[in-house]
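In the two complexes that follow, subunit A is the common piece, with subunit B as its partner first and subunit C second.
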Partner chain A sequence: MAETKSHIGTQNKKGQTYTDPWKMLNEAPRKPSFYTGSEVIKEAIRRASCDVMIAYPITPQSEAAALIGELFAEGYIGDYFRGESEFAVMSQCAGAAFGGARVFTTTAGPGTMRAMENFPMWAGARLPIQMIVTCRGINSPLSIQPDTLEIAYLLNTGMLVWHAETAQDFFDWILKGYMVSEEPDVHLPLALCCDGFFVTHTKDVVNLTPTDMCLPPYDPYRSPVPCMDMECPPVRMMRDPFVMKSNYISYATHASWQQEVWAAVERSRKHTIHWLDGLIDTENADAEVMIVASGTAVSQGREAIRLLEDEGVRCGLVKVKSLRPWPAEEICEATKNAKHIFVPEFNVTGWLAKEIKATIPNSERVHAGPHVCGGMTMPPEIIVSEIKTALGLRSESLAGRGS
Partner chain B sequence: MTQYRVLPGPEHFLPPSAASMGIYLPNPGEAHINGVIVPEEKAYEEAARQFLMAQVPTIFPGPLVLWAWNEKAAKKAAAVRSLYETLKECVQPGQKPMLIPMPDYRPKYPKINPEVEINPNHPNLTIWHNKIDCCMFIGVHCHQANLSLKIIRGGTSCYTVAMCAQAGHEDAMLSFRDATVEKILKLGEWIRKLKGTVKPRLAAAKTGASN
Partner chain C sequence: MSKERIKISPDLYDIMPSDYQDLVQSATYGKEDRGWKDIGTSKELIEQHSLCAGCPESMAFRYILASLPNPEDTVMVGSTGCTSLVFPMVAVHNIHSLFGNQNAIASGLKRALSVRFPDRVKDVVVLAGDGATVDIGLDMTLQAWFRQEKFTTICFDNELYANTGGQESGLMQKGFVAKMAPVGKLFDKVRLPEIARESGCHYVVNCTVSKPSLVEKVIRNSVLIAREIGPTYVQLYTPCILEIGKNSMEGLQEMRDSEKPTERFAYKEYVSEPAKQLLAELATKDKERKAAAKQLAGKA
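Showing the complex of A and B:
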């Protein structure tokens, strides 16, 4: 395959220096900045050497999309436009990626669902598009407040799925995400999720890399499938569609194609571990009571641990950073001493608890909850209450605190 | 549980992808044999041995070396040609080395002529028709190579080698990574080095055809 010239050390038209990504993200000086999550998305994209960003308004991602429009006006993005709908946006993203561009887009809740058909298509075509999902409610009665139900649907698309806890995670993982998803043995789209509003619309101190450093540009010649040209566009693979036939080899080809997508998810494991410093983080991993969570439920879990410590209950924490690839071995290891495993979630179905139950031995240890089902934050007190109740300890009634 | 191994097939109607069975790709300086990570030097020897043992050792070059789209591709194509010439010089009477191109991935079925080219969506046809029992992929886009290698493993008994310019292929029985002109030529040197020391399977051997 291609061994193209390195851009590292050279400058782009904005005067940013293409920098070795590992040095930029791990060794370059960081500047503390007080930003909203949406502003952090903009700052990450400023440094991401993106070619194309395509936008469509839906709360709570609209602000980030609009801010990236400013980046386009400033000359940091090659092209930027608004699609006709979320479905159109995701199709247009595919077109740009087929053409060899580094592509970025943002969505949320019902927009994610409307565009859903595109995501397995992205994965099947091995397009390393990055999509930010600022989670919100999807089910009726609608809510624009955070819920994480759309993540459950994304888990089976063949995309990589990461769940950020904080704005700092968001900044770093947007940039690291391209490094993982563009590896030739991976080359898959990434859904980088966060809990909308809690991350996007609150301010936090985020340590940013220098503005004059940026990622090296995407090299489409390292793609595991041919770049699109008029002679051999990847979509031409369907000119004589093997899926329409019913002989053995047609079946084998289609089935192998699907297997190859999931093989690529597996291959992303070592790259994800390298860039995210592991698929999970743990605290008090030897505790008999463990909280396993992703997204901002991790932060609430930490606070619950502090409250429980005040009451003499020792509790550990597993922060699940990557959902695809799924950290099966890591979760088994981190929970091997746990007698009780609590999985607080911002959704009604408890998809994370189901994944964990399907992963670990003696899954009756898993308590699926508490759930807030979107629309509000998760008070750490309800995690504490759930744990104390399960342990047979007396728990103060939250309702009794009334307003 | 027994560790999965990537072995010559036919394995199954639809074998799992090796990556899903816990086979990892080698790091730079390494290769894998049957899914076991080894120093790259060991892989040269084993690949050369497999070529010299085979009744019909075959090289399948893909578009990334067949199309002279940059200077390096052209040099690699010349190196592949050199490797093939070396192989022809080093085999014994009765062995039949072949060079079968994969110039274009677009589907041609049922018009593909598997005697003269290979298509990644039905590579087993080419293996069966030519009774190929050892082959090497080179210059094939990674995704297409993985598809082909898995289908070959599923339906034939052919030993597969991948000379990958990127991270390698779990679904080959033996895979190099970061392939360069030098590495292609080095494999030729190993074939020359082992000439006459390896007993070919010849007619008594099982062929690639398994149907």
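Showing the complex of A and C:
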């Protein structure tokens, strides 16, 4: 096998210096830049030392996927191409990761669903691919608007799932994501989600690390399973393939591996806490009324808290950053004083509220909602109204609803 | 992988599995003229298999693995089906991920290996059933060819879905009554070799596996052309004796019957102009090498 050595301090072909990731992300000077979310994805990948990016157009991620093509043309990525469908793209990503490459791709909505068979395969094969999911509607009638329903399907694939609120989250978490998912005791794919358009197509000031610094390259020989490059000697893996056998050993093999994948998700917890500075962020954690949210619902929740404060209602906030690993203990702790817990969500089924109800004691405290779906915006007034109604406070009727 | 890498540390020798010891001592790794005649004398990359007794796929597997020009640096990609039961017992790295996505996996793999090892030869070989190649995976098969991906695609054409019990496949003959084709298959056998040629493959062969020397030549050519020029496709008739109701001894005859000049597996070969040129160059080099070796042997 190739020697595992440190690249830190040396330069890549583009003249970027491989930098200690902790120093690059926490100590290097940052430059404020006014960019769309899609441009921020490009900027993160510029610094990510990616070997292979595979693209397929679907709104709202097409722009990011195209911008990364420009990076390839500039020589920042080893290879880049458009696959023939999302199912194929995710398979191509798998092939590249099996071959020991650091792999990146982006998708959304129906694309995520079409590719779905690949995700448990990625996790089972321990491929640390990073996939950006810029969430959008998945059901008929066709919609391109943001709707986080697809996250619910990703939660049980064995992938790590993070939900970014802002473009700044995106920039930092793309780079940090590789640090967590490539740890030898984790080595799992990461679905880094955001609410399409709200994050991808709006401009924001994002603090970027210097362009001449990049992550150290991926070392595939730190993988817990062999890299498929014939650099380590092959052996016949089994005398008797268990796949089609109906016997205890075959069940046990599959079961123990499935459990190992989920154990790896658990082992990612300590690394995620280290890099993301906790799985959740909190504000006013001692309040009796709490909002628990992920993605841009967090921003709307923050605004609702400000409006409620004006009306004399004190409200706290939990921002859930990582959905897998799931911050069960943190959410229990942060909501222990809460009499009412509100979970605003950009989807119709309320998957986050269900997860929270299944996690905390006295789950009747959880008010699942408000829900907006189909790409609707969530005015903070809706959250305020939901909270005031539940607390028995008079709430002015919202415009458009009639009275 | 260099042949050196498979040496065993003397201290660990006695605890290595015997399979592994045999591989190190007597595999054909590093041997330039390896071929099907090594079967039974050198350690094979496949020995046991879990296919039905007498299944022609098992012969095909042996010939193919014995004919790989560079097994030390070859990764194989398979797909769900009868072949996927064999891969766990094959001593080259092999990837089985899902049903039908083999050419997409191979595309990503070949590109990753090219990025990581720009100065080394790493061959990728796809081997999948006809259902995986021509039905569920057809778009990925074709698009890999359109994109000129540099790997070989081998289809084990048993003209049906064997692993799930004999359902209709695109490569099945018209009129054949199969599960899920209750009144007989309604359309012709898909002309994949022709499609492969039109899609940009530089070497296309349609044949049976009744003649090991022929399989050896075809596999060597297809891997060497894919390595240097672009995609290659080999369609091999490996009849599913179980589903067509033959005995374990009857597979060979079934193949001989189907390779007659008027039959569907009559030998057909297409070689593109650049591929012809490459084969001619390789043949010249081979001659020179053999002559030099003879001279050396004469001196010794």
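Here, the second predicted complex is superposed on the first by the 383 of 403 C-alpha atoms of A that agree within 3 Å, B and C clash if a C-alpha of one lies under 4 Å from a C-alpha of the other, contacts with A are read in each partner's own complex, and residues count from 1 in each chain.
Just so we're on the same page, a contact is a pair of C-beta atoms (placed from the backbone, for glycine too) under 8 Å apart; a residue touches a chain by one contact, two chains touch by 3 or more.
Keep in mind that this is a model prediction, so the values were computed, not measured.
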item: Which of subunit B and subunit C A:V52 touches, first, second, both or neither; value: second
item: Subunit B versus subunit C as contact partner of A:D212, first or second or both or neither; value: neither
item: Contacts of A:E329 with subunit B and subunit C, given as first, second, both or neither; value: neither
item: Which of subunit B and subunit C A:D277 touches, first, second, both or neither; value: neither
item: Contacts of A:T253 with subunit B and subunit C, given as first, second, both or neither; value: first
item: Which superposed partner A:P184 touches (first subunit B, second subunit C, both, neither); value: first
item: Subunit A residues touched by each partner, larger count belonging to subunit B or subunit C; value: C
item: First (subunit B), second (subunit C), both or neither touched by A:G99; value: second
item: Subunit B versus subunit C as contact partner of A:E311, first or second or both or neither; value: neither
item: Partner chain(s) touched by A:P226 [first = subunit B, second = subunit C, both, neither]; value: both
item: Subunit B and subunit C footprints on subunit A, overlapping residues; value: 1, 226, 232, 236-237, 239-240
item: Complex contact set, residues of subunit C against subunit A; value: 1, 5-6, 17, 19-20, 23, 46-48, 50, 72-75, 77, 84-95, 97-98, 101, 104-117, 122, 139-140, 143, 147
item: Contact set on subunit A toward subunit B in their complex; value: 1-3, 126, 183-185, 187, 222-226, 232, 236-237, 239-240, 242, 249, 251-253, 255-257, 259-260, 262-264, 266-267, 270
item: Residues of subunit A that touch subunit C when the two form their complex; value: 1, 51-52, 54, 78-79, 81, 83-85, 87-89, 91-101, 103, 117-118, 121, 125, 226, 228-241, 243-244
item: Residue numbers on subunit B that touch subunit A, as the complex places them; value: 14, 16-20, 24-25, 63-64, 70, 72, 104-109, 121-122, 124-125, 139, 141-144, 146-147, 150-151, 154-155, 164-168, 170, 180
